[in-house]
Each structure stands twice: as structure tokens, then as C-alpha cells.
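Take a look at these structures.
Okay, so chain A shows up in both of these, paired with chain B first and chain C after.
Moving on to the complex of A and B:
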């Protein structure tokens, strides 16, 4: 059997891919840091993750009046600096499924980008207050989601999905459906809790980095802006 | 590159699934000491702190001002700040220097000075410090009691078993927030079935938690969160002053409370002001002390993934626990959040609190399988009970738990389930069937139990709140359903808030409802031959693990 450079590279890629699927962090030379001299393993001096996106000219999203409307408030880095959730689900698919869930229940949706806070509870509450129905959904770029109602305390909510790595597209669709049912005043059975005690070990550092990316894109003067065609930006 | 089979084997090890990151002080990814941490300093003029850690009073943020006005003893500051940090660090380890003298010195130092003192100590010295500075003489332990279904019957059964196993406090929370009153009632009932005097809390949104406490459906509270930077405080819709007010609200009804902090939250919230994890946690603990709280839950807690991800992160965790003890606070020292795929690493992390003993080594230990732990997984869970009992036996260390028999476990689980069934029936809540009680009695976790009607449960829980049901109603329901003794136990728990003694630092109750706190049973460790030693009845209990060779039958 002839072994050439291309074949070796292809096998290496396949092995690395398999390791990743098994949840192993990348080995040397695959995005990981190599060990080096003492005092060198530091990121000191680096001040941000991504350049600041300009929202020059963006208008504030208007107050909703349609009682059938549910506002989806997405994070500041959504579809600009961050294109998929912490587990790699493309953000346009996330939005598509939430909207589809809302439509299945005969309600309508409006997407806005929240530029004044990256805290998902407040993102959801602000969206609820903007929404004609009083129900809003906040979605951080890493995938964490809250369903909120305009007259609740900020740190309470209708439904909270705190573990972003456990989210699936089906969950997002069901979130859309439940939000629509709350807006219709139905008796809603919350989506059952899921739990994975290994999530913190694997993802919390990544979550912190993604939250830094989101937070450094905040533009509080802009508030909330229309984000209907986010995927085309 | 041709891969080494050795390295490939190592890459597959559990520890390599954990998240690690280099130090990055600009974003707060730095454990013990950031180049941006302030240098210790203080100026006191006419009894007022006019300068603190390099900042003039006019430039204070609200944490600085709160700490300057309420935490630091201005009458001791000049004297304490004149003592070199290294000298204070040595006194902490020195067995000739009593705890009371350390507390006096520490009450006059600033947060930056505290961080400097801690930086002088390695982990063994920190453990020596904790052994001496812990408030209560005998260490304790706290459990998490939760499940994926928010099933109140399972909560009661797990609470009863947890109490039987030795936990002094039990904490629940919800998957679905509206379940809170059910979980609180089930925990209150179950705990007193397992052992009289166990304290219970329900960690939920602060206004709801307060209401549950005022109604007597819980017997203490823990989730009063404080943060190390002004920005994160404001994001949480709070200030040190509002937290103090909330603390007083609990105190006004005679309820035990501790605050909650822990490093890493400011990193996750993206506002660290470039300070180290340790320095920011020092500020949290100074706010806690200034607010008049008797204690704190800390040790990175839910942000341990960040703290454990940076170099010396686990050293920082025992460091921040020690800071709490140095300030005279009760320390519930975390160990309550899964942070590693590696059994070796998660055990090593816990030894730093287990060996010296803290007021609560875990805050808490998952007394259910981790898949049911609604705090997103604890560092130890129900499947580790026997490992933990063996660790106590191996090292002759009191970790707060004890071995139990299968017969006892089944008995208390069934009784707790039956009692919840009776209370729910008496109060007109959703039905608890005999089949549910039976399934829960023998269950390991919610995979083994029956499904409940969630929508009906939530309506009944809302209704319970609207009807103004209180702890006294639970007592009446039990008494009139034939559970007089259990009713008496819960009434005794409610009486604690009138007596008030359990609001003292690090208080727990024994099975006669007598308080053991840092005030009436203070830690008196001063080196070999002093302090709490595992012996007598307690040692016999720890020795009696279930799986021993029976020599007579051999």
C-alpha cells in the first residue's frame, strides 16, 4: 500500500475529528497551547476577543401592539461575531426553529437584537416588554434561552434553559410553541428539565469566552434594533 | 506527525475533557494575584476611612464605600495594617496564636491586604489555617435534595435518607420555578423524618425564597448573592445595601441566613475590572461581613469551571474559604458543583476542605444521583456515599456523614413519602398515590419513579401560595392525619425562629433541637492534643461501614 502525505493528513484529520466527537480537547498543534518557557503561558496585554461591530444608523425597534406577536431578543454578537451556539448549532437554524414553533401555534414573531445587556434574563424581559403580547424570548449567542413575561420580576421567568450545551433544535422549536401558548393564555406544561453534570467541566471556560465576545459588542445607546434578516448580514 | 500510543492513551483520559485556559488578567482569568490588583493601604481620619487600597474616598465605588463604612474596624486598622502580611500569614499557621487573636488582627485589614496574606500561604498552610479558624468546633455537611421531575415525594424521601446519613442542612431548588412551594414543604417534612433538627432551605428567586421563609416553609436561607464588582452587582439588579436590607428581612423573622459568593462569577458576567479571582472574592466577603451576615457559601461555587480552569485555581478555592473563616464568618465551603470529568481531580479538590474540616464541607453534596441534581451536578453524589464513608474511616476524619443500613433507608423513605401523601391530601393539593410512594421508597433516582401531572401540580402550587398556607398549616395537617410526632418535630423547628439562638454564627441543631454554633461550641484548636478529635461514639459509628469482612463467619 502506497502511503503518501495526503493520505496521512486525511487519516490525521479523521482521528482528530473522532477525538473531538469523544469530547477530548484538541492535542498539541490543533488549536491548543504548547507548553513553553515559564512566564510565557499568559495572554496578558490582550484586551478584547473581536473588533467592535458598528451599528451606525440602526433604528430602535418599535413598541409592539399586536397581541399575537412574540418578540425574540438575540444577543449582541448573534450572527455577527458568533455564528453557532456553544455546541455548534448554526444560529440561523436556532431562529428558524423558534419562529416555526411560534407559527405552529398561530402566532407571529419578530426578531430584535438586544444591544443594552448580555444578561439573558434581562434580554428576555426587555423583549417581553417590547412584545405586543407581553411574552418575549431571550437567546444568547451561546444558546442559553429564557421565556419571559413583561410583568414578572427580572430574575424570575416563565421558563429558563440554563445549560446551553444541552439545547437541540427540537428544544428551540418547543420553546417557540410554549411561548406562543403563554401568549394565548393557555395552561402550559413547561418543557421538562434536562441535566448533565459534566457540562460545567467541559464548557464553562468556553461559555465565559463567548460571553466576553457578546458583552464587548454591547452598544447601550442603540438599545434594541430590528434583526429580522440577521442571517443575511 | 506519527502519533505516540502513550500520548494517545493520555489524550483519552477523563481529565483531558476538562476546560483549561492560560492566565489572562485583562479578562480576570487569574487566580491569586493580578498585576492590576491594588496595593494595600488605608487612611483613617476622625474615625472615617478616607482612603482604601490606593483609592481616595471620592473615587470609591459602592463596594469600597460599603466596606470602608461597615466592615473594617477603624479602631484597629492602623495597628493591623502595620503588621507585615507575611507575619499575619505565619500567625495564621502558628499553633501558639489563638483564633481570637487572628480575628482581632484581621478585623482591621483591607481586602488588598487580605489577598496579600493569602498569597503567602501554600495549600497545606491554608488547611492548617482552616483547621484553626473554622467557627464551629465540629465540622458539618449539607446536602442538595432535588430531582429532574421536581417530584415532591422523591424530595421528601431523599431528604429523610440524607438526614439519616448525617447532613445537618438540606437545600432544594427547582427545575420549574413554580414548583418551589411543593419542594419546600416536601423537604421540610422529609428532613424531620430522617433526623430531628435538620435545617432546610429552598434556593429560588430571592423574593419567592423570602416569602417561603416568612411562611415557615423553610428554616434557613442561603441564596443572597454578592459580587466583587459594581457592574456585576448592578446587572443582578442589586447593591450591597439592598442585600443588607434583605438580610435584615430574614433576621426580622428570626431565620438563619448566609450569603453566597464564590470566585469566577465576575469572569462569567464579563466585568472583572482586570482583578484576580482572589481579590474580587475578598471584596465579596468583606461586603458579607459588613452586611452583618453570620456566614457565607463560597469556594467558587457554580463558577468553578472558570476558577479550576486557570493555574492555581484550586489553591485559590481553599484560599477564599480561608478568607471567610478569617473574617469570622461561617463557611459553607462549596464542593457542590461538578467541575471535572476526572474522579482523581474531583476528589483531590474536596480533600482541601475535608481534611481540615469546615463548618459545612459541602454546600451541598448531591444526596441523589447527579442526573437528578438540579444545581447542574455536585462534586460528589449519592453514588459516592460509600466512598465518602470509607474516606472518613481511612483518615479518621469527620466529614459529617455516617454509614446506614438498607432497612433504615427503606423505612425513612417510605415514612417520608406517606407523610407528604397525608399532608397533600389534608391541604387539598394534587394527589399522591400509594404507587408513587412505593416507587420512590425503593428508587435510586427519578428514572425509577412514576410521572406526575405537572400542569395540575403547578396549579395546586400557585393555589397554595394564594391561600396563604404556612408552616403551621403543615404542622396541623400532620397532627390531624396521625403524624403527631412528626408534627411536633416541625413545630419545634418553627419555634427556633422565636428562640433565635440558631442565628448565631455557624449554628446547627442536634436531634434534641439544641444549638451548636461558633458561639456556644467554638473551635478551640491550638495544635496537637487540642480541638475536635474523632473518638468515642462518633468514631465507632464511622468505623462501621457496611462492607466489612465478618471474621466470625469467615
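Moving on to the complex of A and C:
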């Protein structure tokens, strides 16, 4: 495929402009000077997309022991800097549906925020290791999700949902249900994966920006912290 | 040294055996090979499979096929097996009178009786009347729970029917415990205002009240006449985890017997038997009819069409007129097939009665000579059709260490079960019976409701295990097997078939115990029944006890449990029975091909 530099620049500019106009997500630091004109150039000299969120006083999430427990590990910017997925599904709805899926199968869930990494595979694996059942779910703020098991290698997993723009609340419900069934040792039919080749072209820039926002909020000293009522913070 | 080949074309595999004769007349076996039979046994397309097998066998001794000086083909018995299956009952729910399925997670436990009311009409409810509420999936579990909690103080709500899979979610939010049935797909068909009884069983148990006619009578206050009418409902709810029975004036569950039709057996006497009578009756009638000339079915009935279909497909492959095709033997087996009940609200299934039939079709003669001619033309090697299959198989079986004359063989292949007795004086009695490996696969497929025949074949062939964690699995005999490296997550929680070298996943969610039961049952129904039938036919004076030893040969003798089953069944008659070991190393395969070479030595053609 031919890469058109100008086109990429134009798209980036349009996205940044959109983000800026939405107001809720100003892509500039607090004390940044007002840009004279919209465009990529105005980002020059800026080191952050968002101010660093303080997790002062947060305790490390404890190791789970309940075999019925499934840990949901969410991204560093989840419900703080980012409040909805790449397609605009509110994150509290996402969490609510994953938890409902787990509950319907008779298992319990615990939400933690993963501050060590923004790689969804490792997020899921870390959650699995923390989980009493050994099954964990990693959810990035943009919506990408992985179901993992504590004894697997990081890059293998139980189920991976790589294309965040194609996720619906029904998918999240089923992810919760499947994770619970893995924990119960039942036969699980993997959720059929949908694939849309145009997704990458449409969402790549937005995904990259959201990932940067998430990554810059990492705080490896804190590790994983409880995030039960995330939306109230 | 002169190289000769024996070729045995069977219903499902083509076996080849290569032997060498030295100038001094000494004979040695050199190589063998086995391939899938291409096309129907005894027809020209077989040539492809024969060639592939010959090339593979010659390759093993690093000689070109053209070095062969003679190819001996079996005089294949002109019998071809085929199988068909027909359900003979159907179940219909009238007036949406019941819901009885196995949702994975119903909630609450116990039973309740009440008037049906949709959640949108809760405001119409009257205090003091017990209600069972039905909720469509346009309401979320939170809405359903909060609405019910709002009405619980004034209304007597005693049970809940949900469309979505949310029973546990709603239960966890309700202020009052009650039985909840979920995953009811066609909830709109629930008749509002009717009296209904609901029951949910505790985990690991099945319902007790609604699967008992008197239980239904107790709950719905039925009189003796009405109780008799609900018996089919109770019967169809046996074994369910949850159920709802609705009292409607004409509602019921009906079992219709489909017009399955009669089978006409033209033997020494012409007898008729109805398919409904069941497999045992059919087989008894078959035995009474004596030697069968032809079998057909009543026109325009299921069985008539089924037998016709077998005949026409055989006429096509054998390229002869339909009149020359005759069915000379059938094996009928009773079976059950899971079929979705018509008129169901939640996709209920019912085990419908079905009958599986394997038929043995006889043509005038199979065009074996054409195959020989084609081989001769393509390879420029002399090819002859030599030796009757059963005799050759007996000769080959004799190479099993520890055997002696008189000897009986049981050749269990894919399409037919053949038996032969070879007496010490050289006389041979043979028989061909319908029904073998392929019928077993079909029974497994039907009873488990499998999508593909391939899975059924694999279930038949390999032992199973259930992957319980990523590092261990429980084998079908209860033993545990542990792994150093994690099992591929795709297998997690699945029943897997342990084929050599890889694990095959069973996609359907069927407990391992059930698969095991169906597999063993199918093998027993077909092979044990057929073995006794076949041995009785060839035994001196039809007395099985007079057969001293039986060697099992053919593809199905390689099975990991069929020989043991037969051994068990035949030990009753004090017969030594075991899997053959042709030439002390081939196992039960290659008997006919080996026999073809041995008979060559006897002919003095060298």
C-alpha cells in the first residue's frame, strides 16, 4: 500500500482538531500555550497528552484466594482520562456488562487498575495471576480485551478480542460469561471473532492517541490497585 | 526373484501385499500397504486406490511397480453395504402448554403455581392472587428486579420466566427467593392469564414434581381425566433442570407416529414387518423368512423410499439396471435421535425414536475383470482375478500364530460383516451380513446429534479425555494425565479424542460419559449382534458352540474395544476368539491380500 505522508498528516490534524473541539479531552498540558493555529505543529514541545493522575495513597491490590473470583484488570486511563471506548461506549457500561456476565454464571468479580503496563496481554496475565481462580480479563481503555489464565505464556491466551471498534456491550457480556466458564472448567465456545479490514484504516490514529494517553498514565511503583467503584473517583 | 502382489479391494480400504518367489521356489513376504478405497467397491474408480497402494508398497522395498510380474485381485463378493436412518416419531407441543429445557444457569429452586402475567402488565395484578411473571429481553435485569421488588409487597409473585440468560442476575437483586427459568426464546407465545406451574431443580438434580403426572395434578389441581391427559407432558420433562407447565384447555404434548411403513421380505416365504415394531421384531422376521432373495418396502412410505434410495444409488455405481439390484440382507437397529420439538417455546428437544438400517445389496457380478484389465493396460503387468474373498481371508488368517483348522473368521469391515468357516478338509462356508463400521458411525452421529459424520467416525475410532485444566486431563477410564507444557487453550474444557499424534476437539457440548455410553452401545448393537448372526449361519448345523476358534480380521477388528466386546460375548459359547495377527506382524489387516499370495503358491502357476 502506498503511504501518503500528506494524507496521514491531514488525518492526524483532523483528529487532533476533533479532540480539541470536544473540549473534554484537551490534548495539551494545563500550562501549555494556546495554539495559534490548529495542526500537528502546535504539539511541538509538548511532552504530555494529559496531566498525570495521582494515585497517592492507593494500596496495592491483594492476592485473591477465592476460587470463584475473576479479576478484571483495566487500563491506566480507564474512567479517569478516558471515559468511553474507541467507539464511544461508556466504560462503566463495559465494566457493568462484563461483571453481569460473570455474575450470571455464579462467579464473583473484582476490578483492579493495572498501572505497570498498558499492553493488554500483560494486563490480562497480571490480572489472572492476582485472581483466585487464575482467570483474568484485561481491558484497555479503548476497549481491546483479552481473557487470560495465570499459567499461560504472556503471548498465548484464552481469548483475544483485538478489534476494539467492533465490540458491543453484548460482546462484553459474553466475555464475562466465558471467563466465568473457564474458571468453572466448563466447555467454553469461544466468542466468534468479527473482522472488518476497514477498521484499521478508520481507527488507527485514534487508537494510537488513546494508547499514548493510557501509557503516559502508567505508574509502575503502584502496580495494581483496587478499582471497584472506578466511576466515582 | 519374481515379485507378485495380492490386492484386496474392500468397502472402505484397499490392502496390498507384496511377496517374492525365489528361483528355488522359496516364498517370502516383502511389503504391504493400505489405502482408502476410491469409489464403490468393485467398480473402475478403484483402480486409483489400487495403484496408490501398489506404489506405496513397492516404494518400501525400493523397487518400481513395473518389476511386479503378477497382480492377484480378490474375487470381491458382489455385495455392497449402505446405511440409512429414519425417525419414526415426532413430538408436538400444542397451545404452548409447556417449557422444558436445560438452561445452563436457572436460579432459585423449588416449585410454585400462579397465573401468568407479563412484566409490563404488573399494574393490572390483583393482591392475593399468586402470579408467575414473564419478562421479555427488552427489560434489563436491573429493571426487572426493581419492578418486581416494587410490586412484591402488594402482589404475590411466586415465579419468573425470562427470555434473556439473566436468571442469576435477577435473583441476586430480588427481595424474595423464587424459582426462575431463563433462556425462553419465544416468550411472546406464553399465554397470559393461564394458570401455570414452575419448577427449578437444585444444581446436579433434575425436576421431580413436573416430571410426575401426579405432581402436575397436585400443583394444578387436575382431576383424573386431566391427569391422564398431562402424562405425555410429564414424560417429556423427565431429566430436565427446569420446567413450566401451563394449564390450557387443549394443550398437550403429542407424540405422533409417522407412517413408517412395512418392509417386505422375499425369502423362502414372503413376510411383512412394520418398522414401528422395532429392530428386534424386524430381525426375528428376517430370520424366519429364511434365505432372502430381495427386500423392499411399502411404496410411498419412509422405509420404502429409504430402501429404494439404496437400490438406485447402487444401480448407479454398479451401472446395471435397477432390476438386477437386490437387497439380500438388512440389519435394523433401534436408536434415538434428538430432534427439536415443534411448537416449542425454548428450543426443547426430544429423543425421537428412529431406526437405522444397513442393507446389503447384491448385484449379478462386480466388474472386477475390468479392474484387472485396466491395471494390465496401465502397468503392463499380468493381472488376474483369483480366489473368493472369504476363502482368501481364511487363508490369510491362518498365518496368525496359534491358529489351526478348522477355523472361523469374522471379517469386520466398513460396510459388511463376513464370516467363513474353513474345515480341515478344505470345505468353506461363507456368509455376508449387512452392517459394520459405517452403521456404527451413523448411530453415533444420530444419537449424539453431531453435525458431521467425520466427528462421529473419530469418536468411534479413538479413546477420549476431558481437558479439565491447562495442565491435566481426565481420561475416559477415570485416570488423570498430566502435562509438562500447557495444553493449547483451545482445548480447555472440551472433550478431546486422543488420536495418535494430536488431540481432536469435540465441538458439541456433550458430557464425556454420554459419548462413551453411546459409542459402546452402538458398537455392541451392530457388531455383537452381527457376529452372532454371522457365526450361527456358517457354523456346522447352525450351532455356534461347534466353532472351535474365531479369528477377527478386517478394519473394525483393529478397533480398541470391539474385539474385547466380542470376546466377552463369545466366551459364553466357549469359543477362543481374538484379534488376528496376520503373518505375526500385520495385526488384523491384510488377511485377504496375504491369502491371495498364499493361494498362488498352491496353484502351481509358478
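In the analysis below, the second predicted complex is superposed on the first by the 191 of 233 C-alpha atoms of A that agree within 3 Å, B and C clash if a C-alpha of one lies under 4 Å from a C-alpha of the other, contacts with A are read in each partner's own complex, and residues count from 1 in each chain.
Heads up, the rule we're going with is that a contact is a pair of C-beta atoms (placed from the backbone, for glycine too) under 8 Å apart; a residue touches a chain by one contact, two chains touch by 3 or more.
Since the model is a prediction, treat every value here as computed from it, not as a measurement.
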> If you stack the two complexes on chain A, which partner ends up touching A:181: first (chain B), second (chain C), both, or neither?
Replying inline: second
>> If you tally the residues of chain A touched by each partner, is the higher count for chain B or for chain C?
In response: B
>> With both complexes superposed on chain A, which partner does A:54 reach: first (chain B), second (chain C), both or neither?
In response: neither
> After lining up the shared chain so the two structures overlap, which partner does A:106 touch, if you call chain B first and chain C second: first, second, both or neither?
Replying inline: second
>> Looking at A:155 after the superposition, I want to know if it touches chain B, chain C, both of them or none. Which is it: first, second, both, neither?
In response: first
> Just chain B (first), just chain C (second), both, or neither: which does A:46 touch?
Replying inline: first
> Between chain B and chain C, which residues of chain A are contacted by each of them?
Replying inline: 153, 156-157, 187-190
> Taking the complex as given, what residues does chain B use to touch chain A?
Replying inline: 1, 3, 7, 11-12, 16-27, 29, 35, 148-150, 175-177, 205-208, 235-237, 267-271, 302-306, 308-309, 311, 337-341, 370-374, 376-378, 381, 454-455, 458-459
> Which part of chain C faces chain A closely enough to touch in the complex?
Replying inline: 104-105, 141, 165-169, 172, 468-471, 486, 489-490, 492-495, 507, 509
> Along chain A, where are the residues that touch chain B in the complex?
Replying inline: 12, 15, 19, 22-25, 27, 29, 33, 41-47, 117-119, 122, 153-157, 159-160, 162-163, 187-190, 192-209, 211-212, 214-216
> So in the complex, which bits of chain A are touching chain C?
Replying inline: 100, 103-106, 149, 151-153, 156-158, 177, 181-182, 185-190
